[in-house]
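In the part that follows, the structures are each spelled out as C-alpha cells.
Below are two complexes that have chain A in common, paired first with chain B and then with chain C.
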Partner chain A sequence: MANRKLLGLFQEPQQVADAMNELKASGIAAEDIDIYSGSPFPEGSFGEHEPHHRLYMFPLVGALIGFAIGLLFTAGTQISYPLVTGGKPLLSIPPMTIIMYENTMLGAIIATVLGVLFESRLPKRSLGLYDERITEGYIGIIVDSPEDKAAQAESLMKAAGAEEVKHES
Partner chain B sequence: MYYRRTLSDAQINRELLHVVFTTPMWWIVIVGLLGLVVGLAVIAVGFMFNQGLGVTGLRQPVFWGFFITNFVFWVGISHAGVMISAILRLSQAEWRRPMVRAAEIMTVFSLMAALTMPLVHAGRAWRIFYWIFPYDWSRGIWPDIRSPLIWDPVAIFTYLISSSLFVYTALIPDLAVIRDRGKGTWRYPVYAVLSLGWHGSPHQWKLQGMAGILLSALILPVFVSVHSIVSWDFGVSLVPSWHVTVFAPYFVIGAVHSGVSAVVTLMVIMRKLYHLENYIWEEHIDALARLLIVVATGWFFLFWLDLVFSLWTREEQEMVVWNLRLFEAPWGWLFLTFFITSYVIPVPLWLFKRVRRSFTWMLWTSLLVNVGMWLERFLIIVPGLVRKGPLVFDYGTYRPSPIEIMIVVGTLALVPFLLLLFSKFFPLIPLWEVKEGQKLIDHVQLGNVEVPALVKEH
Partner chain C sequence: MVDAAHEIPPLPTHQEVTRDVLARFQELGARYWGWVTVLSFLFVLGILGFVIRLTCGFDDRSIWGYHVATMSFIVTTFLAMPLISAGLRLMKAHWRRPLTRVTENMSITGLLVVLMLLPALAALPPLEGRRNIWFDFPLGAPGVWNVLGFGNLALVGLALLWVLALPDLAAARDHLPPSARQRVISWASLGWIGHLRQWRVLYSASMLFGAMYLLAYPLVQSLLIADFHAGLLPGLKDAIAPARAVVHGIQGAIAMTIVVMYVMRRLGGYERYFAVDQFWALSKPLLAFSLFWFYFWWSSFITFWYGRLPGETDLIRFLVLNSYLGPFIVSMVLNFIVPLVTLIWSPVRRSAWGPALVSVGILVGSYVNEVRTYVSAFSIEDPTLHALDGIPPGQWPEAADVLIGIGGIAGCVLLFMLVSKIVPVISMWEVGEGLRLTKVRRYLNRQVRVIAKSH
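And then the complex of A and B:
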C-alpha cells in the first residue's frame, strides 16, 4: 500500500509531544515520524526517533588522510630535491612535524564538516512537504503514514492542537 | 544570568534580518566610503607592482616594514574570533550566543587582510607561489619545507579554510530562515542552494550541536599553532631581539589581547548601527572586559619575560636593540605610546564596573589597545633590523612611504568593508543560537525579587 506524507503545524512544544505519543500509540512506527523546528530542542523533547550516526569516525579518518598527505609532501619534496645542509640528515624532522600537524588538523576539520553534511543527509534537492512558518517558531510533525492510516493521523494531530495539517500534493 | 528579555522567533527573525531585507542609507554611505579607501589601496598596490619595491621605504638593511607589521597585526586580530567562539562553545557559556558569529567572521576577514600583506610585500605577488607550491617540473626543484616561508602559508591556509568551514556550518540553519522569508524573490533560489535543503529535524540539530563542539575542539589547537608559527618567522632567524624563546606564547597572547579588543569594538559598533539593543547588553561587554583584564595581564607577563630574557643574557646585540627601542627617538616615543595605549590606560580603567559596562568607554579603550598592539608589532620587527650586525654592512633606518601607508590604511578599511558586505547577505548574530537560548530561560522568585534563571542541558 502506498504511503502518504502529512505535515502538522503546532505552536507549542507540549502539543507536539502529545501528538507524537498519540501517533505512536496509533501504530505508526517512530521511524516514520519526524519533527521540523526552527531552533534546537533538548534531545528527546518530543519522544522522537534518533537515528544512529558515526560522526566521530570522520575526524579520525580525515586526520589520518591529512597526516599521510603531510608526510608525503614534506618527505617527498626533500627526497625529490636532495639538499644536504651542514651534513645533517636529509629528512629534517622538526619542520616536517609543523606541516604534518597542520595537514592533520585540516584533514580532521574538512572531514568533520563533510561528516556533518553526510550524516544530516545534506544537501537535499527538494524540501518536499514543508512550511515556511517552521522558521518563524512553529513546530512541524511530518508523518509518512500508510494510506489507510492517514485520516486517523490527521485527526490525531488536529486533536492534539495542530493549527493546520498539510498533505503532500 | 544574562537572558532577561523574552523575544519571539518572529521578532528575532525580523530584528536580526533587518539589514538583509532592507538597505539603510548609512550602510550605502559607509560601504561606499570604505570601498573608496580600498580602491585607492588597490591603485597603490598596482602602482607598486608596476614601479617595483623602490616606491616603498624598504631599504637595506630594513626589508621588513609596514607590510609585515600589518600582516602580524591582522593574523593577531584573527585569533580572538575563533578563540572566543570555540572556548565559549566548549564551556557552554550562555553569553556566547550573540557574539560568536561576528567573532568568527572577523577571523575570516582579518585572515584575508593578513594574506594580502605577504603577497604585496613580495613585490611581484605572483612569484610567491614559487615558494609555496611545487614548481618547475622540468628542473625538479621543489619548495624547501625547512623554510618558515612555507610553514606560514600552510598554517594560515589551514586556519582560513577551517574558520570558513566553521562559519558556514553554523550558518546553514540561518540560511534556511532567509530562504523561507525570501519566498517569491531572487533570494529564495539562492538561499535554497546555500542552505542545502535544511529542514531542522532533531537529528540535524543534534549533528549541528556536535559539529560546534567538534570543530571548536579541533580549531583551538590550530589557532595556537598559527600564531606560534608566525612568531617562528622571527624566532628562527639570527636578527637580534627576534629569537627570544618566549616568542610563540608571547605572540599568541598578544594576538588574543588585540583580537578580543577588536571583538569588543565590533560588538559596540554593531549594536549601535544594527540596533541590537535586545541582543548585545552591558553584561556581554562586561564579561569581555573581565576576560581582557586577564589576557592583558598575561600578555604583560610575557612582554616582561621578553625584556628580561634579552637583558639577562647580556648579549651586546640584544642590549643595543633594547636601548634603541626604549631610549632613542623616535623609537622611544613609539614605545611609550604602545605601552600606554595597550596596557597602562585600558587595564586600570577596566577594573571599574562603570567603565566595563559603558559602551562608549569600551569602544575607545578597545580601539586604544589595537593602536598599541599595531605599534608593538612594528617595534618588534623594525628596530632589530636597523642596527648594524654580522653580515649587515650598513646602519639603516626606516620611513614608510605614502604608498605603504595607503596600502596599510586600505587593509584597515577592507575588514569593516567585508564585514558590512557580509551583513547585507547573512545575519551577524546567529538566529538559531539566540532562539535556543530563549527556550532555556526562566524566572524564579527569591524572596521579594524575581531573578532570571537559566536551564542548562547536560
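And then the complex of A and C:
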C-alpha cells in the first residue's frame, strides 16, 4: 500500500510532544515521523527517534588523507632527491611538521564541508512538503503514514492542537 | 511582591525575533548605501596606496612594512573574531547567542588577508643565510605554505559562517519578498528545511568547524611572527613570540567584537540583542587577556634584559627603548595599563560604553604594536647578520602607508557590511533556541532567568 505524507503545524512545543505520543500510540513507527523546526530542541524533547549521522568520520578520514599527502610530499621528495646539507639528517622535521599540519587541516576542512552536505542531504532542489512558518518558530510534524492511517494521523494531530495539516500533493 | 527594580521584562518569541531581524536585514536604506559609498571610497584609496607601493617594486623591502603591519592588524582583530563564537559555543555560554553571527560574518575578511599576503611574501628576502622556521626547505617555502596556512583559516572561517547560517538563510528565503537578493539567498540556503537530522549535523558541524578555527588560527599567527618578524631581525631569539601573537589576537578579537556590538547598538538599533549582559560578560576576558598581554611581553622582554649580550641590548634599544619607544609606550598604555585601571571597576565593566571605550583604545594600541613589530623588522637591510649592525631609526609612515592602513581597515568593514546583507547579522535560530531554553521565574522578592541545560 502506498504511503502518504502529512505535515502538521504547531505553535507550541507541548502540543508537538502530545501529538507525537498519540501518533506513536496509534501504531505509526517513530522512524516514519520527523520534526521540522526553525531552531533545534534538546534531543528527545518530543520523544522522537534519534537520527544517527557519521559526520565525525568525515574530518577524521579527510585529516588522515591530508596527513598522508603531506607526509608523502615532504618525506617522499626529500628521500627521492637526497641532498645532505652540513651532515644534518636528510628529513627536515620542523618544516615537515608545519606542512603536514596544514595538509591535515585542509583535508579535514574539505571533508567536513562535504560531510555536512552529505549527512544533511543538501543541496535539496525542492523543499517538498514544507511550510514557511517553520522558520518563524512554528514546529512541523511530518508523518509518512500508510494510506489507511493517514486520516487517523491527521485527526490526532488536529486534536493535539495542530493549526493546519498539509498533505503532499 | 516582586521588587520593580528586579523585574525582568517578558522575553520575545522566536517569531518576534525573526520578524524584527529580517525587517532590519531587508532594509537597504540611504544610510546603508551612504556608509558603503564612504567605505568603498576609502578602500579604493587603500588600493591606490598599494599601487603606489607596487610601482616601487619589492627590492626595497622597508616600504612594505606598513602593508604587513596592516595585514597583521586585520589578522589580530577582524579575522580573530570567529575565535570568540567558536570558543563560547564550545563552552556552551548562553549569552553568546546574539553576538556569534557578528563574529562569524567577519571571517569574510580572510579573503582580503590572503590577497594582502601575496605582495607581502614577494617582499620577503630569500631564506638562504638567515634564520627561519623552514630550515632552507626547498619545496615552496615560505610562500606556498604561508598561502596554504592563511587559506585554511579563510576556508574554515567561511565554512563556519555558511554552515551555521543555513537556517537563517532559509528564514530569509521564506520571508523576504522576491528579488535578486532573495534568489541569491535562496540558492545559498541549499534547500534547508530544518529536520531532525539536519539540526544534529549542524550542531556537530558547529563544534568541528569551531575547533578547526581554533587550531588554524595559532598557525597563522606563528607563520606571521616567524616569517615576517623573527626571521628578519638579526639576533632575535624569542621562543614565545607565536604564543604572544595569539594572545594579542584574542585580546584584539574581544575588543573588536565589543566595538562592533556597540556601533550596531547605537547606529543599527540592535539594543535588545546587544544588551549590557554581552558587554559585561566580554569585558571579563578582555581584562584577563590585557593582563596576559603584559605577562607575555614581560616574559619575552626579561630574557633579553637579563641576557645582556650586545645583540640583545641592541634589540631592546631598537624595539623598546629607542627607535620604537613611542609606539611601545602607546601600546603598553592602551593594551595593558588603561584596560587594567578601568576594567577592574565593576561599574565600568557593567556598562556598554565602558568596555567599548577601552576596546577602541586596545584596537589603536594593537595597530601601533603591529607597526612596532613588523615595520621594524622590514626596515632591517641585511637579515643574514648574527646581530643588529647599529640601531636603525624608527620608520614613520608615508602617504602610501597611511592609505594602505585606512583602506585595509575600511575594506574589512565594507566586506562585513556587504556580507551582512546576505547573511543576517543576528543568528535567529540560536537566539530562538536560547529563548526556548529560558524562562523567567519568581525567586523570593525578585525575578530571575532560569536557563535549561539538557546535557
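Just so it is clear, the second predicted complex is superposed on the first by the 152 of 169 C-alpha atoms of A that agree within 3 Å, B and C clash if a C-alpha of one lies under 4 Å from a C-alpha of the other, contacts with A are read in each partner's own complex, and residues count from 1 in each chain.
As a working rule, a contact is a pair of C-beta atoms (placed from the backbone, for glycine too) under 8 Å apart; a residue touches a chain by one contact, two chains touch by 3 or more.
These figures come from a predicted structure and were not determined experimentally.
**Q** After lining both complexes up on chain A, report clash or fit for chain B versus chain C.
**A** clash
**Q** After lining up the shared chain so the two structures overlap, which partner does A:S80 touch, if you call chain B first and chain C second: first, second, both or neither?
**A** The first partner, chain B, only.
**Q** Once the structures are superposed on A, label A:N3 by its partner contacts, choosing first (chain B), second (chain C), both or neither.
**A** neither
**Q** Mind working out whether A:Q14 is in touch with chain B, chain C, both or neither, as first, second, both or neither?
**A** Once the two structures are laid over each other on A, A:Q14 reaches no partner at all.
**Q** By the touch definition above, which chain A residues appear in both interfaces, chain B in one complex and chain C in the other?
**A** After superposing on chain A, chain A residues 34-43, 45, 48, 51, 53, 55-56, 59, 73-74, 77, 83, 85, 92, 95-96, 98-99, 101-103, 105-106, 108-110, 112-113, 116-117, 119-120, 122-127, 130, 132, 134-137 contact both chain B and chain C.
**Q** In their complex, what parts of chain B are in touch with chain A?
**A** 8-10, 13, 134, 140-147, 150-151, 154-155, 158, 161-162, 165-166, 168-169, 172-173, 176-177, 180-181, 183, 192, 196-211, 214-215, 218-219, 221-222, 225, 229, 431-432, 435-436, 439, 457
**Q** Using the touch rule from the top, collect the residues of chain A that touch chain C in their complex.
**A** 13, 34-43, 45, 48-49, 51, 53, 55-56, 59, 73-74, 77, 83, 85, 92, 94-96, 98-99, 101-103, 105-106, 108-110, 112-113, 115-117, 119-128, 130, 132, 134-137, 142
**Q** Going by the contact rule set out above, which residues of chain A touch chain B in the complex?
**A** Going through chain A, the ones touching chain B are 34-43, 45-46, 48, 50-51, 53, 55-56, 59, 73-74, 76-78, 80-81, 83, 85, 92, 95-96, 98-99, 101-103, 105-106, 108-110, 112-113, 116-117, 119-120, 122-127, 130, 132, 134-137.
**Q** Quick one: which bits of chain C touch chain A in the complex? Just the residue numbers, please.
**A** 13-15, 18-19, 133-139, 141, 145, 148-149, 151-152, 155-156, 159, 163, 166-167, 170-171, 174-175, 190-205, 208-209, 212, 215-216, 219, 223, 428-430, 432-433, 436-437, 452, 454-455
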